[in-house]
Amino acid sequence: MSTVRGGWESSWVDRWEQRTEWPLMAAALLFLVSYAWPILDPDLSPGLVAACAAVGWATWAVFGLDYLVRIALAEHRGRFVAHNLVDLAVVALPLLRPLRLLRVLTMLRFLNRSAATAFRGRVIIYVTGAAALLIFVAALAVLEAERLHPEATITEFGDAAWWALTTMTTVGYGDHVPVTGTGRVVASALMLGGIALLGTVTATLASWIVQRIAENDTSEQAATRAQVEALAVEIRALRNRLDR
Amino acid sequence: MSTVRGGWESSWVDRWEQRTEWPLMAAALLFLVSYAWPILDPDLSPGLVAACAAVGWATWAVFGLDYLVRIALAEHRGRFVAHNLVDLAVVALPLLRPLRLLRVLTMLRFLNRSAATAFRGRVIIYVTGAAALLIFVAALAVLEAERLHPEATITEFGDAAWWALTTMTTVGYGDHVPVTGTGRVVASALMLGGIALLGTVTATLASWIVQRIAENDTSEQAATRAQVEALAVEIRALRNRLDR
Amino acid sequence: MSTVRGGWESSWVDRWEQRTEWPLMAAALLFLVSYAWPILDPDLSPGLVAACAAVGWATWAVFGLDYLVRIALAEHRGRFVAHNLVDLAVVALPLLRPLRLLRVLTMLRFLNRSAATAFRGRVIIYVTGAAALLIFVAALAVLEAERLHPEATITEFGDAAWWALTTMTTVGYGDHVPVTGTGRVVASALMLGGIALLGTVTATLASWIVQRIAENDTSEQAATRAQVEALAVEIRALRNRLDR
Amino acid sequence: MSTVRGGWESSWVDRWEQRTEWPLMAAALLFLVSYAWPILDPDLSPGLVAACAAVGWATWAVFGLDYLVRIALAEHRGRFVAHNLVDLAVVALPLLRPLRLLRVLTMLRFLNRSAATAFRGRVIIYVTGAAALLIFVAALAVLEAERLHPEATITEFGDAAWWALTTMTTVGYGDHVPVTGTGRVVASALMLGGIALLGTVTATLASWIVQRIAENDTSEQAATRAQVEALAVEIRALRNRLDR
C-alpha cells in the first residue's frame, strides 16, 4: 500500500516507516491490552480503568501523529490518502487498530515452496489471523455494549466469543443475540468479515484445484513465452543464414 | 443491456435514453422517499400519505411511459423485450425501481488502474450498492407487511433492518422472523440477494488470486498473441527475402 | 449420461429413449400431482387418496420397466448401471422422480449467444429449476412426516415451504424445525442441495468474471490454436518454396 | 505428505510405512469403536467401559510409536515434522485419529476418466468422507460433553448428529445448541469443517465449469506446447535444408 514517490524524498518516508514499524506494533498491542482489560475484569480498580483509558488515548495520538508525519513527507498528498485508506480507517476507528498486529505475519517465511504455494499460504494465514483478531475484538466490543442492557443475552466473555464465532461463520444459532444498536453494528462487521473469510477460503481452494488439474494434464499445457521465444531465436538464425 | 440497432434509428433511441437518464434517476429517488416516508413515520398526516401514494403512482407512470417509448423506437421489439428484462421488471415490480439509482455508480472512475482491477472494482461497488439498497427497501417492505400482524416480531425499522441484514448474510438468528406471506416473499428476495452477494465476493476474490499467482509465476506465463504475431511478421519477412 | 454403444444396437436404445421421453415426463408429472394432492388437501375423500396411491405405484412401475428395458438393450450392463446412477436413484427413491421434469428445460434455446454464455445460462436454469422442485417436494415430504407429531412446528404447507426455503439457503432461522427422523433426513437433502446451489451460483459467476477480465485485457490474451496453425501453414509454404 | 529422503534410507521408511498401513487403519477403527460404544450405550457394564478406555490408550500408544519410529528413520528430522503436521495432530488430538480411515478412499479407482475428472472425483470423495466422519465424531464428542449438563439441549445421539449436521452446513437453527466449553470447541471445529466443505464443493464446481466452457469454445483454445513443438521441428527441418 506504499505510494509512488520520487527521488530523495522516498528515503525519508521509507526510513520513517522502518523506524516506526515496531513502535506502532507495540502501540497496537498496548491498545488491545488496555481495551480488553477493563472489559474482561469488571472489578478493576478505578485507577487502573483510568490508566487503561489514558493508554487508549495515547495510542490514538501515536497513530494519528504517524499518519500526519507520513502525509507531510508524502509528495502527492491526495494519492497518499487514496492509497492508504486502511491507515486512515485505523486512525478513525480505534477498534481496527489491532489489525496492525497482522504485520507480524509478514515475517513468516515459506521456504522451498513455489511462488503460488507461498502466495496462497500467505493469504490463508492473513485471513485466519484477521478472523481470529476480529472475533476477539468483536467479542470485547459486543460485551461492553450489551452487558448492562436489561434484555441482553450476552453478559460474559465466553458467550460473547461464542456468539462472535457463530456469527462470523454465518451459522447464527440465535441463542445469544445482540439487542443494542452498538452490538448490531459490531455484528454487521463480523458478518461482512465472515463473508470475506468464506470467500477467501473458497477462492484459494479454487485456485489450488485449477492449478493441480493444469499440472496433471501435461499434454494440454499452454505454450509458454519461453518456448515461443526459443522459436523466434531459431527463425532469426534462419534469416541470418539466408542473408549470408 | 442495450439492443443492437440499425442506422438512423439508433440515434433516436440513444438520444431518448441520454435525455431520460437523469429524470428517471430523480423519479426513482422520489419513489424511494415517497415509499419510505409513510412507513418510517406512522403518524404522518393523511394528506401527506395521500401525496406520497400519488408520487408513487406518478413514478410508475413515468417508468411505464419510458418503457413504452423505448419499445416503440426499437427496431426489433421481441429482441428489445428479451434484452431489457430488468427494465420490464422495474415497471412490473415497483420495489425494484430504486435499483435505477445504481446507475450513479457508473460515474465512478478507476483511474490509473489496469482493466482487470477496474472491472473487479466496478463489480464489488455495484454489488455492495445493490446489497445496501436491497436491505433498505426490504426492511421497509417487511415492516409495512408485518407491523400490524398480532404475532409479528418485526415492528420497528431498527429491527427490520437488523433482520434484513442477518437474512441477507444467511446468518439467520431467528430473533426476528416474518410471519406474513408478504414478509416471507420479501425474505426470499433477500436470501437470493445474499447468495448472489456471497457468490460475487467469492468469485471476484478467486479471479484476483488466480491473476496474482499467474503474475508472480513469470516463467510459466502463456505466450501472448502479440508474441505470436511478431513471429508471423518475422516469417513473412523471411518469405519475401526468399522470393527476391 | 448416455452409455457408449456399438453398431446396430445403439439405434434400439436411442429409439426407445426418444419414444419414452414424453410418456416418462407425463408419468413424473402424474406422480408429483398424486403425491402432492393428498398432502395439500387433508380432507380428500378416501377413494381419491387410494387413487393417488395407485397412480404413485403405477408411475413407479413405469419408471422401473423403462430402466429394465434399457438395461436389457444395453451392450455393457455394468457400464450402463455405472453411467446411469441418476436413473437408478429415480427408480429407488420415488421422491426424486419429479427431477425428470427438468428435461423440459433442455428445450430452451439460447440463440445468438456464445457457447460460454449458453453453457452458463443452461447451468443457472437447471440449478434454479432443480432448487425450486426440491423446495416444493421437500416441503410436501416434511409436511407429511411432521404434521401428526405432537411437538411439530411444521403443520401447514406455507410453513413447510418457508422452512424448506430457509434451510436450502442455509439461513436457518429455527422458527420452524423438523423433529421427526424422516423430517430430518429431508432436511439433510435440502442442506446438501443448498450447498450445491450456492456452489454453482458462485462458480458460474467466477467463470463469468474470469472470462470478462480476459476479454477486456486484449494485449495479454493467450495465443490461440488458430494463430499457431496459421504460422504452421506459413512455414510449410516457405519449405515448399525452398524445395522448388 | 512424504518427506524427501536420500538413498538406502528411503527404503526403510517406505517399507515401514507399507507394513504399518493396515495395522494403523485397524487401530483407527478400533479407537472409533472403543470411543463410540460407551457414549452410545450409557448402560454399558463398567468392565466394558474400562476395556474401551484401555483400547483407546493402546491405539494412542500405537500411533505415538509409529510417529517416533518414522521420526527416527527420517534423515532430516525438522523437515519430517514440518511435512507431517497432520500425523503429529493425529497423535496429539485423539479425536482426529479416525481421519486415518480416509486412506481407504485412496484405493478407489477412477478408470477410463481424464486426469482432471479423476482429481476432482478424488477431492469430492475425500471431502464427503471427511465431512461424514467429522459429523459422526463431533456428534459423539458433543454428546459426551453435554449430556450431564443441567441446561443441555443435546442429550441423545439423534439430536447430537442433527445438531452436527446443521452446524457443518452453517444452517444453525438453534433448536439444539452446546452450552459447555468442550461442546463449543467441538462446534468450532465443525464450523471450520463446514467452511472447508462449502469452499471445496464450490471450487471443484468452478474448475469443472471453467473447463467445460474452455472445451466447448474450440476456436479460442490456447495453443498447446505440442503444437509449438511441432512448429519448432518444422523450422529445424527448414534450417537443415538450407544448410545442405
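Order as written gives the chain letters A, B, C and D; numbering starts at 1 within each chain.
Here, contacts are C-beta pairs under 8 Å (C-beta built on N, C-alpha and C of every residue); 3 or more make two chains touch, one makes a residue touch a chain.
Chain identities (UniProt): A, B, C, D = Potassium channel protein.
No experiment lies behind these values; they were computed from the predicted model shown.
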{"item": "C-D, A-C or B-D - pair sharing over half of the B-C contact pairs", "value": "C-D"}
{"item": "Same-site or different-site touching of chain A by its copy chain C, using the half cut", "value": "same"}
{"item": "Relative to chain D, chain with the most remote C-alpha centre", "value": "B"}
{"item": "Where chain A and chain B are represented by their mean Cα positions, the distance between them in whole Å", "value": "29"}
{"item": "Separation of chain A from chain C, taking each centre as the mean of its C-alpha atoms, in whole Å", "value": "41"}
{"item": "Contacts with 2+ other chains: residues of chain D", "value": "170-174, 198, 202-204, 206, 210, 222-224, 227-228, 231, 235, 238, 242"}
{"item": "Chain A - residues contacting chain D, complex", "value": "158, 162, 165-166, 169-175, 197-198, 201-206, 208-210, 212-213, 216-217, 219-224, 227-228, 230-231, 234-235, 237-238, 241-242"}
{"item": "List of chain D residues in touch with chain B within their complex", "value": "170, 172-174, 202-203, 206, 222-223, 228"}
{"item": "Of all residues in chain C, those that touch chain D in their complex", "value": "114-116, 119-120, 123, 167, 170-174, 177, 181, 184, 187-188, 191-192, 194-196, 198-200, 202-204, 206-207, 210-211, 222-229, 231-232, 235-236, 238-239, 242-243"}
